[in-house]
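Several structures are given next for inspection.
You will see two complexes here that share chain A, one where it goes with chain B and one where it goes with chain C.
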Partner chain A sequence: MKALLDNLKAQFPDAILATRVDAARAETSVSVAAARLLDIARYLHDAPEAAFDHLTDICSVDYPEDQMRFEVVYHLHSLPLQQRLRLKARIAEEDPAIASVTGIWKGANFLEREVYDMMGIRFSGHPDLRRILLPEDYAEGYPLRKDFPAEGRGWRSQFDFIPRFDEAPMDVVESEISEETKDTFRTEPGTPGPGRKEELLLNMGPQHPSTHGVLRVVLMLDGERVVKATPDLGYLHRGVEKLAEGLTYMQMIPHTDRLDYVCAMSNNYAYVRAVEKLLEITVPIRAEYVRTIVAEMQRIIGHLFWLGTQALDIGAMTVFFWTFREREVLLDMFEKLCGARLTLNYYRIGGVDSDFTPELVQRMRAFLDIFPEKVKEYDSLIASNRIWLGRTKNVALLSAEDAINFGCTGPVLRGSGVAYDIRKAEPYGVYDKVEWEVPVGKNGDTYDRYWIRMEEMRQSARIIAQCLDQLPEGPIMAEAPQYIPPPKELVMRDMESLIHHFIIYTQGIKPPKAETYCSTEAPKGELGFFIVSDGSPRPYRLKIRSPSFVHMGAFDHMARGYLISDVITIFGTYDVVMGECDR
Partner chain B sequence: MTELGLRLAVSFVQILAEMSIVMFTVAVMTLAERKVLGWMQDRMGPMEVGPYGILQPLADGVKLFFKEDIVPAGANKAMFALAPMLTMVVSMIGFAVIPFGPDMTLDIGGLTIKPFVVADINIGILYILAIASIGAYGIILGGWSSNSKYSLLGGLRSAAQVISYELNVGLAIVGVLLLSGSLSLVEITEAQAGGFWHWFVWGARPDGFFPIHTQVFAFVVFVIAGVAETNRIPFDLPEAESELVAGFFTEYSGMKFAFFVSAEYASMVLVSCVAAALFLGGWNAPYPGTIFEYIGFQQLAWIEHIVWFAAKVYFFLFMFIWLRATLPRLRYDQLMRFGWKVLLPIALANIIITALTVYFFPRG
Partner chain C sequence: MTFKAWIRTITFYELVVGMKATMSHLLHYKPITMQYPHEKRALPDNYRGMLSLLRYDDGTEKCVGCDLCEAACPSRVIRVVSAEVPGEPTKRYSKEYYMDMTRCLFCGLCVDACPVDALGMTREYEWSVYDKRQLHLNKEQLLAIGDRSFPVREKQLELQHPNVAFFNVAFKHLPQKPD
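Take a look at the complex of A and B:
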């Protein structure tokens, strides 16, 4: 890494403004001049000693007091060299514009649109710079800027949302979107063009039986073949990132449940890991084991849910009910563990909420005994079914280069033959203490991704079984009095503990002034949290790198040339959850 | 009473009886489908209305009857109303030529009538094929007149599907016609009397056991094409709910919706009846003669015949549900490829082989 930084300085002596190596958190960030960003990015992507082939995330931070107000943060990741780099560029408030890196990483398309949507930074050279999460005619400004009030501007009742039939039609709000672009999103194009139109425009979603929530895609069809697919996101956008700026670090945990609500605790895990990395606390070993077990149970639940819905999308109905039967067993265990079934909340900063009871361990073992048989049962319905193979093999092909270039992670990336799993590459929890394998596909088709998820369920069961065998005794919360409240029993009896508890819960915890990015292997892919802390009890900026959102960026690429039926298969094969995608 | 009046009255009673039987079977099927699926999927199915949910079809009927009938804006109202009626009528009148009991005759007031077949016409099977083709119009019209793109796509898919698979149904039947030498369903069934080895699916000659004229390939082609004709999984592309919402009847509600659904079940029953009559010996028991005849109640033998016919039909209906629980859906291009490149050659080869075997080893 040091050599790379020296190289960079030698190559671009005037453009590298500062480098910062955070040894404690093992992170490197480089501040560059915005004008030279494109050259530096291209160098970092192409040069063999850098090889940053994977653009993890693009984020923006607003510093209203500074002369160069906006900071655009690029998280780069080199899969062959296994290193990460944070690239930062500052731009001024008037006419904030920066070069687009879509030419280098195709995955930047959606990420840059999000930055434009939320912070109002224009990316010159971007092929399709429109709002992505907010409505296209949203005229209230850019919500993630610090001068945008956290409670929003005005109330919903003051907006004219639905034009009434007895009123004259509203004037269309002027926006920078051309009429031609807008036409794509209209069911009936404004003016019929000359002559016959060969393509059929089909609006799929947000209300459709199999768009996995409120995903909307506008399909341009030639017969039943997709000519162009335009995803329209944001129907479930709740502004979690803005909300986080008004919440203390602890209060944010329940909000992460609602990201990927199918496996809520995976998000908890990703978030508390990021905060722990920021606070530099280590978690006791028993808590690490418990966390790993629960995270893998969540992975099984997530994949069971995915298998059921993917099969239902393709028309096999029974698999859905069978997977939900096993999901029910797991949900009962979670109910025992933390009292909830859907938006579970169990991880805490520094450990976990409660310990396993012997009865729960017993139930888990019983489940692990039957689970491999059940996976075989699902396989018996579909794995060798000719129709299933016909519907999944060679459908939605994604080559390894494209998968990396689009920033795909998780099963989507592994399905294309890239053996990248954060649990192996940057082990956390106790993943390095147990034996397991990373399944990797060959062709990058839907079948490979199906096979990988099936195999991951088996591997997860294997991990849980080993963890249960190794489970050591000990505390389940870290010792860090300035960040972690005392146990409840002490609070009830002991005056000092009560004061301690009171202070932490009223004032919140104050992390050091720092910034950190921490990624976790969630069932959908790499779920990362980027936290900028200014030393106050609330995050200055919190960015969620959600795998579903990044994967949707590759949707058009994957859907083109396939049939309507395959579009549904592609929704399924991404395992997209809109709560996480739209945040 | 004049002879014509009597004839009409008898026909009317017969039609009414047949209609009630079919509608009852449809109602049973709507419940059976949910119960059997539930049993295969480790769940209960409907349990609320009546003991074990057996009154569910009634509740569904009442609900659909009282539901608001919504016609989408911009729909062609006349066509929109016509489509479900057409589908329903077509799937009901096919039953006119189905013999669901033995070829008995009754004498009422000087008239000779056949109680177990409404119309024993000598081109019964052609009539059914013709009627089934009209059924596609209902679907296409429904899809087109709804003024919805999903419906339109469903209707288009259905048009292509019905045309491709109609051909296979027709070709699969030809072998049976060669063996029986008749187009009348009654005569076809009678030609299969004398034990299960005489059923056309095995095709032994009337004087032997050896299945030289076997139609088992035609039977498989017919059943697969029949499933496709009735838009059932794995060929339910016109109404693929995960792709096209509900396909051609996306915009339908209330009774019109009920018409489409009951028509679908009725065509399932019709296809099952035709398959039973053509390949599985219709009302004939799998052993020679009947048990009633053997123990001396010859006049009650028709009960046994009807029970056997019903058993065969319900076997097919069960298979329809079983398929739905097991198989995923084919894609449009796969469906076409399967129909034209797999089923059609098999059906054609079957015709040639049957023709040759019938020529060299004539049937009695």
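Take a look at the complex of A and C:
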């Protein structure tokens, strides 16, 4: 890493403003001049000693007091060399513009649009710079700027939130959609459009049963073939990142449940890991085991859910009932563990909420005994079924280079033959203490991704079984009195604990002034949290790198040339959940 | 294509395998669907359902009006108005206590935060109403939920443990230390 930084300084002596190595958190960040960003990015992508082929995330931070107000942060990741780098460029408030890196990483397209939408930074050279999460006619400003009010129009209790029926209904203007608005969804002038004279723009969604939430895709069609597909996101946008700036670190945990509501545990895990990395807390070993077990249970649930719904979308209904039957067993265990089934709020900063009891261990073992049989049953239904093969083989092909270039992670990337799994590459929890393998596909089609998810379920079961065998005794919360509230039994017994309890709950925890990015392998891909802390009890900026959002950036590329009915398969193959995509 | 694969194709072998699995389910599995309004699931004790306020075994309210639940709540459900207990200057209670359940996340952070365990999560979940205003609960309603959900009540705090912290405890209630 040091050689790389020296190289960078030698190559761009005037453009590298500062480098900062955070040894404790193993992170390197480089501040560069915004004018030379494109050259540096191209160097980092192309040079063999850097090889940053994977653009993890782009986000922006607003510092209203500074002369250069906005900071654009690029998280780069090198898959061959296994290193991460944070690139930062400052731009001034008047005319905030920076060069677009879409020419280098195609995945930057959606990420840059999000930065434009949320912070108002324009990217020169971007092919399609429109608002992405907010409506296109949104005129109230850029919500993640610090001068945008966090409370919107005030608290809901202060205005009349219950609709009044005595009001006259709003006027509905009936009109044709203008030709200009259609232009964004048409193919680019250079590319061959539909062969026929009459072209068809078809709206798919937002109310479509197979879109797994509310997602609208405008399809440009040539007969039944897709010529261009433009995803329209943001129907489920709730402003979680802005919300986080007004909440203490602990209060944010239940909100992360609602990101990817199918796999709430994984979100909790990703978030608390990021906060723990910021606070530099080490978690006791039993808590690490419990966390790993629970995260793998959630992975099984997520993949079962995916398998059921994907098969249902394609037309096989039985699988759906069978997978939900097994999912139910695991959800019952979650209910026993933490009292909820879907929005779990189980992980805590520094540990977990409640202990994994011997009864649960027994129930988990009983489940693991029958689970491989069940997976075999699903396989016997569809793995060699000719309809399933016809609908998934060679559909939504994605080559390894494209998958990396678009920033895909998780099963989508592994389906294309790239053996990259964060649990192996940067082991967390106890993944380095158990034996398991990373399944890798060959062709990069839907069938390979299906096979990978099936195999991952088996591997998850293997991990859980080993963790249950090794499960040590011990505490489930870390000892860090500065950050973690004392145990509840002590609160009314001991004056210091009581004072401490009050201080943590009223003032929140105060992390050091730092910034950190921490990524976790969620069932959908790499779920990362980037936290900028200014030393106050609330995060200064919290960016969620959600796999579904990045994967939707590759949708147009993957859907071109396929039939309308395949579009549904392609939605499903990402395992996209709009709650996470729109945040 | 080998001969075996060809035979499998024309005999729809893989469909037969699938149908066999389906048929075995018909024979070996009982239906797992629950006839919901008529039969209900057994919920675990730590189920995070409707919130309630609790009382001690002598019928006094546990809540001491310390506002910690209000501070801990991530979506500002709770509003507490605290006041002194008349005639006892060291003791406080919550004069008014409101919960706007329309925005509750059922995360349980308020229960974690409460220093005197005055809040409890019940196993009630059938709380759909026709009018949202009915979900804006006041103290009497919350206590009523607690009364019907937690019939077994705890002893007064100062009687539970000899070494309790001097927090919101009237001095005349303090047990005498044994000599």
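Please note the rule applied: the second predicted complex is superposed on the first by the 539 of 583 C-alpha atoms of A that agree within 3 Å, B and C clash if a C-alpha of one lies under 4 Å from a C-alpha of the other, contacts with A are read in each partner's own complex, and residues count from 1 in each chain.
One rule holds for everything that comes next: a contact is a pair of C-beta atoms (placed from the backbone, for glycine too) under 8 Å apart; a residue touches a chain by one contact, two chains touch by 3 or more.
Owing to the predicted nature of the structure, the values given are computational and were not obtained by experimental measurement.
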First (chain B), second (chain C), both or neither touched by A:325: both
Contacts of A:68 with chain B and chain C, given as first, second, both or neither: neither
Of chain B and chain C, the chain that contacts the larger number of chain A residues: C
Partner chain(s) touched by A:336 [first = chain B, second = chain C, both, neither]: second
Which superposed partner A:385 touches (first chain B, second chain C, both, neither): both
Touching partner for A:24 - first (chain B), second (chain C), both, neither: neither
Partner chain in contact with A:35 - chain B first, chain C second, else both or neither: neither
First (chain B), second (chain C), both or neither touched by A:317: first
Contact residues common to both interfaces of chain A (with chain B and with chain C): 318, 322, 325, 381-382, 385
Chain A-facing residues of chain C, complex: 9, 14-15, 17-18, 20-22, 25, 32, 43-44, 46-48, 66-68, 71-74, 76, 100, 103, 105-109, 112-113, 115-116, 121, 132-133, 157, 161, 163-167
Complex interface listing, chain B residues touching chain A: 37, 40-43, 149-150, 153, 157, 233-234, 236, 240-245, 324-334
In the complex with chain C, residue positions of chain A that touch it: 155-157, 161-162, 247, 250-255, 257-258, 318, 322, 325, 328, 335-336, 338-340, 343, 345, 354, 377, 380-382, 384-386, 485, 488, 491-495, 498, 501-502, 505-506
Touching residues (chain side chain A, partner chain B) in the complex: 200, 202-203, 208-210, 224, 311-318, 321-322, 325, 381-382, 385, 387-388, 390-391, 563-568
